Amino acid sequence: MNTAILIGFPLVAALLILFLKSEQAKKFALAFSLIELILSIYALSEFKINAEPQMMVNLAWIQTLGIHFKVAMDGISILLVLLTTVLVPLIILSSFSRDIKNPKYFYSLILFMQMALVGVFTAMDGFLFYIFWELALIPIWFICLLWGGENRARITFKFFVYTLFGSLLMLVGLIYLYLHTSGTHSFDIQALYSAGSSLSSPEQTWIFWTLFIAFAIKMPVFPFHTWQPDTYTNAPTQGTMLLSGIMLKMGTYGLIRWLLPMAPLGVQQWGHAAMILSIISILYASIIAIMQKDFKRLIAYSSIAHVGLISAGIFSLTVQGLQGGMIQMLAHGINVVGLFFVVDILFNRTQTQELSKFGGIRNVIPYFATMFMIVLLGSIALPLTNGFIGEFLLINGVYQYNAYMAGFAGLTVILGAVYMLRSYQKIMLGETNTLTSTFTDLNFNEKAVFVPIVLLIIVMGVYPKPILDIAEPAIKHIVELIHPAVIL
Amino acid sequence: MERIYLPAIFGGMIITLGHFFKKKVTFQYPEVKRPFAPVYRGMHVLKRDENGAERCTACGLCAVACPAEAITMVAAERKPGEEKLYREEKYASTYEINMLRCIFCGDCEDACPKESIFLTDRLVPSDSLRQRFVYGKDLLVEPMEASKRVDISQRQTKEVLEFKKRKELQHNRLK
Amino acid sequence: MKTLYILTALGVIAMLAEMFRFKKFLLPIVLIGLLGAIASSVKDWNTNIHYYNYMMTFDNFAILFTIVLCATAFLWFMMSQNFLDSDPIAIGSSKTDHYALVLFALCGGMIMVSYSNMVMLFLGIEILSIPMYVLAGSRKDSLSSNEASLKYFLMGAFATGFLLFGIALIYGATGTFDLKTLSYFISSSATVPTWKVSGAEPLLYAGILMMLIGLCFKISAVPFHFWAPDVYTGAPTPVTAFMATIVKTAAFAAFLRLFFTCFSGMGSVWMNTIWVLAALTILLGNITAVYQTSVKRMLAYSSISHAGYMLLAILAMNDHSLGSVLFYAAAYSVATIGAFTVLSIIENHQATRNQQPATVTFETLSGLAKQNKFLSFAMTISMLSLAGIPPLAGFFGKYYIFTSALQSGYVWLVLIAVLGSLIGVYYYFRIIIKMYSPSLTDLQAQPTAVEEKGELLSFAEVGWDLRIVLILTILLALLLGIFPDFIIRLI
Amino acid sequence: MIEYIIYKAILVVIVFCITLVAAMYSTYAERKIAGFIQDRLGPNRAGPFGILQPVADGVKMFMKEEMIPDVSNKFLFILGPSVAMFTSLMTGAIIPWGTSLTILGHQYSLQVADVNIGILYLLGITSVGVYGIMIGGWASNNKFALLGALRASSQMISYEIGMGLSIIALIMTTGTLSIGEIAAQQHGWHWNILYQPLGFLIFIICAFAETNRAPFDLPECESELIGGYHTEYSSMKLGFYLFAEYTNMFISSAILATLYFGGYNMPFLGRFVHDPNMLALLGTFFLFCKICFFIFVFMWVRWTLPRFRYDQLMNLGWKGLIPLAILNIAITGIVMWITGKI
Amino acid sequence: MSTIQSIPIANYILLSTVLFCIGVLGVLFRRNAIVIFMSVELMLNAVNLLLVAFSSYWNDPAGQVFVFFVMVVAAAEVAVGLAILVMIYRNTGSTDIDVLNKLKG
Amino acid sequence: MTMYLFYFLAFLAILCGLMVILEKNPVHSVLYLIITFFALAGHYLLLNAQFLFIVQIMVYAGAIMVLFLFVIMLLNLNKETEPHKSNLVKFAAAISAGLLLVVLVAAMKGAETLPAPATTNADMGLVKNLGQVLFTQFLLPFETASLLFLAAMVGAVMLGKRDIK
């Protein structure tokens, strides 16, 4: 088993789907994504728990420029790959009862996206990472553009330019590092690490900011977030799921894998600033979320808040923080997909996402209400749900960094509970009205989406140890890479 | 070979060269004059008879016959005592030919029943004023003196006279 | 060198085709000839032969650029069929004339990439330019085409004046037109002091700057660009495609050859100038492109901005410069040919239907994807490549150039270039967005506009040759992007 | 030095006078020949056989009222004929009128200036000559004059090419651009016409066109353009134009004779005359005989051939003469290559 | 007649620079395409003068040969340029470059 | 002597050059340009470029300017056809060209001290010498020039011929 197969299979699948009939597309897409899931689980079974990147494929690609096709998985990568492979079938399944135009292209783009995402999480070559990073952008952009809502052209464009700007900055930073690698220049991750840590402090500052802005845009963190709510609202549900569930993790993953070890001095100097930005985005997003009337927008802002916490945890530079970030990435991915699916169901039935228009759905379909409740609890980090482990570890990490900040970060739980529960109350409880009284029951496909999500929420919340075990060596390795340079 | 015309050009040049050496046909005019043909149709003359009376009776046939409408005349009655001057009782008090219109076809001559108007071998002289080309009787009628009479006998050859008498030509005479 | 013979012969054959009535076989003859030209230049690989007293040097640089030129011309000949055969506007302008002129221009381009004497540079530029002046005006009854022709001509001649003045001054300073001798003179300035002390130095400086101005006119760098948008817009679309690709490539190769072989030792004289020019070109080209409504004009401005990026490589003056310009030129040419092919198909279609010259605006393109997926896909690939989105060829072009500029320490300029490419993304993506979304007017319930537009094009209407061109451009854009090593390794 | 200058000045004056007189009498000859060819006598009133006719014409021209059209450009209107006259007279300088005279032990060449690029000088002056007509035609502000000027310029430019190309073949065989040398090379029977018959044909046709003579006299064709470029001209300015035309004809004849018909050379002359001065003078005499012959040919052709139509003229020039001249160059080259001369 | 020794080369440089600038001025100054074109010719001639002067200065015939090529190119340009002008005149009845304003961004 | 000749010709060239661009009437411009070309031809003679002298007259004065004049006459361009450029544009043009002049002159100021080369060869400009160089060293450009002419010819014909609709 090697990583290239995990990357290559979705690409092949995406191309194959283009040659199928439109009606068959979705079934085949689901089948392909399930095969990919099986492949990734097989990879997990072969995975040995240590810090080494495994199942490596290392091919010379552009020799003259020292660029290699080098992909491998360590603990962090394989978890995120698994997240991707788990979520993609769910996302595809979630679209089954929706009427989608040109399904061939839609599913093909999703699978293409999966390829790029797996590539991002496994690339061990700076340039390759950048390529996958950009590759991931194009399909999601097309998904938003072609299947999105009203103002999609302008909004998706804003989204694209933001992220492209970020990635170009990242490229400049990477090239700068590349030019400082010793010997014949190379984009290999190890070479970049050593090049980065050998740079002077001002240079590292540059590197830090170029990379940080790139990742911050992707996550997004406070001043770079303006594209996000619009895009989430406008994108088709599956696109939003991809964006929030997986793509967002590209940013946080980038922080862990690429930013921290490459500019340790920069992190030392400016990590504080990044932390403050993260905390600001937590508070800011939470407060705005409370004031939202549109449910989808509310979730979008909640996503900013969550990811701010992850970012804060990562910048605490502690093993707990990073571990928390790691597990919260997975948890948030699953939860947010669930939440967006709830939005999708609501919108599908009522053609609206406005909170004030709903009410009393629990009376009509209790099954739906239950599922929603579980997902929601996961999201507000109730103990025994997956969110709890992550947030606990994260706040712990932040606390080690700075107690006051931890205090502010902790507010996320409270504020999260406020807006989430309030929305639950508005949607599910109370009196039914004309809109909700005719609410039709979930069909099989919809139920089938909720079951794995809820299972995962609960299993991860109850028994997170395997995940922590898998991630730990890699995270420790990264923390070790930083610490020689960073004195806390 | 045809297309480049060279043989034709040379042929042409030979011809012109031939003419170069030919006898020239130029008359050195004032000194040498070209002989007129006997029936040359030049300037008109209004004849007088043997007695010196004008033959014209202002019948107007010449004006009718004139294709260029160059002839105009005003008739008048002969007063007693003018028999010497005019042969008939009626005469032309004015008789004008516009020489700029006249085409010297000689139809007036043919039309004249009185043998009065004739075309001669004299040339109409050039002039610089148009109005002077309207010739009146002063210029057209021949002088009285016998010595200055215009000789038209050459034009009245036997053939011409015969021709004039032919019956089928009567149609242009007034019945 | 044989390549030049082959191209010249092809030009003459094309010229005679009308007379001897084998017009029908002209396209295959020319295409085969171009392949032959490529083959013959490949045969000269690594030989570095000088011809005729160092008038031309057919080194690897020249060979590579020749191949790029010939390959682009190959694509061009296929794409221009549409225009030459069935353009309803260009009445009667003979096909064979077009062929001959284009081939002669190609000869000029070839000379420009392989000259090693100022005389050949000058002649090469002129041989390239003169057919272009004519071709720009080949739509004889269209005023805009006429105007393009005139503007191009006047500005071209004006630029030639500057170039020549520069050559004369350099000759005055050094007494030679030969690039080799010249570079010897300049590089060994310390050891051959006569010219330096004698006061010829100012002549040399002034000469270099004048040549720079002349060449900047040719590559349409800001502020010597003002003719370019008008000319590009006014000229018939395939001709514009030719100008934007082959002419530009050749001009850059000439630029690079001159400044690399000769003036690299005197960087202080001209580098600051190019720095400013490059920055201006990138920024102004991109910013102005944003405000365009006509797609062709937008592409014209974008081509100006691409000239700015390529100037970076000249400025960088390191090992990667040659390769990066070559790669950029190839990538850019491929993408541009693709874009112009689509454009000319649409233009042709519009013009046939409306019986009047069509201007393709962004609005015209809206909803293209619904009507013809293939065309819009090809256009998308071209736009993505031009915008520099990985893994397409355009991205690597930019990447190489930026890297080499960074290597030489032009951080700020690279940042400006990055900013410029971001702005570029805006207008390239505008096209894609337009193609894939119904226009705003459609959404705001003006069905008449939509209905009026009707079926834009169906795949069947796109001729086989154009399909091949588009497929080739897509494949090349991908291949160059995924395996850029093949080209880059050659230099 | 002074002596040299005086000699040159005298020579210049003589050449000048001869040219003018020759031009004057060409007008007379023209009319006379026209008369003869048309079975007429031609002018014969002024003086015996009319030989004072040109003088009378000249007097008439001088006496006539100066007329300059009100709407014309005065300066250019006068400049036109002046330029025409000037350029036509300038060409005489490079024609070798004979070998050289030996007087008091000094050798005096009978050529005003033996420029080593004489032929180019010739072509250069010819090409400038068109300005006279163009400026005059334009300055008249008259459409016929303008049309005439346009025709003249396009015609002269077109035929200059053919002329130049035909001369190139000649230069290939002679190997020099100096007219003096070309003349000297043709001693005995080595007249260039024998080596360059086709070139001669092309040259003479072009010479007809360059001098605006029939059958190429479109710039001034009376029936269409009422005299063409000199429609508005009268008195001596018209005289200048006419004079220039006849001077051109004279010079063209001289060049034809020099380039192709041996110039001042005459076969067998050396056998009978041994005094070099006598020989030189006889040479000059024979040259003038040849010139007269060519002038006659000019006139002969004029009164034989009808005028071309404009498109025929252009077709002949571009599609006929120029390819032919190039062919001639090729043939010359091949023959020279075969005979081992190059 | 070694003239160059009596006239300093700087004079020629100055002269041709002045002529060149007059040409440039003409291009910028005038609107009539044909006059602009003439100004360009003036520029080329200034260059020619400079080349001849330098050729004489360096005692190197290459400069004069270059002038040939400049003339060759000028002739070709004139042919094409005037053809363009005539074509435009046929369509517009003017050679004023202001009439041609179809192409404005 | 030659110095005075130089100054005279230079003065003539500059004056007529200025008149070319200042004259309203294109025909006058052409005529002034012709005079300029003659003045430059005179300079060539001063510089021992005898062959170029005659070629200058033949090609520029004799062919190129005739073509110009021809076209102006053909199109009948009078001074009225040219509208006034705004004074601002004129001013800007004059300023920019003047600046160019100043910059160039200033840049080449040092060239005044350019030393004379060792030897001068008065015969260099003769056709014999030039031909030698042209057909040996510059053979390729010479042949290439034919390509240029061919292209120009095809182009001019293409533009010039009237289309049959």
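Order of writing sets the chain letters: A, B, C, D, E and F. Residues in each chain are counted from 1.
By our rule, a contact is a pair of C-beta atoms (placed from the backbone, for glycine too) under 8 Å apart; a residue touches a chain by one contact, two chains touch by 3 or more.
Remember, predicted model here, so these are calculated numbers, not experimental data.
Colleague: Along the shortest chain of touching chains, how many steps lie between subunit A and subunit D?
Modeller: Steps on the shortest route: 3.
Colleague: Trace the shortest sequence of touching chains from subunit A to subunit E and report its length in steps.
Modeller: Counted as steps through touching chains, the separation is 2.
Colleague: Would you mind checking which chain's C-alpha centre is most distant from the centre of subunit A?
Modeller: Result for the farthest chain: B.
Colleague: Is the number of contacting C-beta pairs greater for C-E or for C-F?
Modeller: Top pair by contacting C-beta pairs is C-E.
Colleague: Centre of all protein Cα atoms: which chain's centre is nearest to it?
Modeller: C
Colleague: Calculate how many whole Å lie between the centre of subunit B and the centre of subunit C, each centre taken as the average of the chain's C-alpha atoms.
Modeller: Spacing between the chain centres: roughly 88 Å.
Colleague: Counting in whole Å, what is the centre-to-centre distance of subunit B and subunit D, each centre being its mean C-alpha position?
Modeller: 52
Colleague: How big is the gap, in whole Å, between where the Cα atoms of subunit A centre and where those of subunit F centre?
Modeller: Comparing mean C-alpha positions, subunit F is 70 Å from subunit A.
Colleague: Can you check how far apart subunit D and subunit E are, centre to centre, with Cα atoms defining each centre and the answer in Å?
Modeller: Measuring from centre to centre gives 33 Å for this pair.
Colleague: Specify, in ascending order, the residues of subunit C that touch 2 or more different other chains.
Modeller: Each of 119, 123, 126, 130, 133-134, 137, 140-141, 149, 169, 172, 203 in subunit C touches at least two other chains.
Colleague: What are the residues of subunit A that contact at least two other chains?
Modeller: As it turns out, subunit A has no residue touching two or more other chains.
Colleague: Who touches whom among the chains?
Modeller: Chains touch in the following pairs: A-C, B-D, C-E, C-F, D-F, E-F.
Colleague: Give every residue of subunit D touching subunit F within the complex, in rising order.
Modeller: Within the complex, subunit D contacts subunit F at residues 76, 116-117, 120-121, 123-124, 126-128, 130-131, 134-135, 137-138, 146, 149-150, 153-154, 156-157, 160, 177.
Colleague: Which residues, counting only subunit A, touch subunit C once they are in their complex?
Modeller: For subunit A paired with subunit C, touching residues are 61-65, 130-131, 134-135, 138, 142, 145-146, 150, 152-153, 156-157, 160-161, 164-165, 168-169, 171-172, 175-176, 178-179.
Colleague: Under the touch definition given earlier, write down the residues of subunit E that touch subunit C in their complex.
Modeller: Per the stated touch rule, the residues are 9, 13, 16, 20, 23-24, 27, 33, 36-37, 40, 43-44, 46-47, 50-51, 53-55, 57-58, 60, 62-63, 65-66, 69-70, 73, 76-77, 80-81, 83-85, 87-88, 91-92, 97, 100-105.
Colleague: Flag every residue of subunit F that touches subunit E in the complex, lowest number first.
Modeller: By the definition above, subunit F touches subunit E via 2-3, 6, 10, 13-14, 17-18, 20-21, 26, 29-30, 33, 36-37, 40, 43-44, 46-49, 51-52, 55-56, 59-60, 63-64, 67-68, 71-72, 74-75, 77, 81-83, 85, 90, 92-94, 96-98, 100-101, 104-105, 108, 111-112, 114, 116-122, 124-125, 129-130, 132-134, 137-138, 141, 145, 148-149, 151-153, 155-156, 159-160.
Colleague: Within their complex, state which residues of subunit C touch subunit E.
Modeller: On the subunit C side, the touching residues are 118-119, 122-123, 126, 130, 133-134, 137, 140-141, 143-144, 146-151, 153-154, 157-158, 160-161, 164-165, 167-169, 171-172, 175-177, 203, 229-230, 233-234, 288, 291-292, 297, 301.
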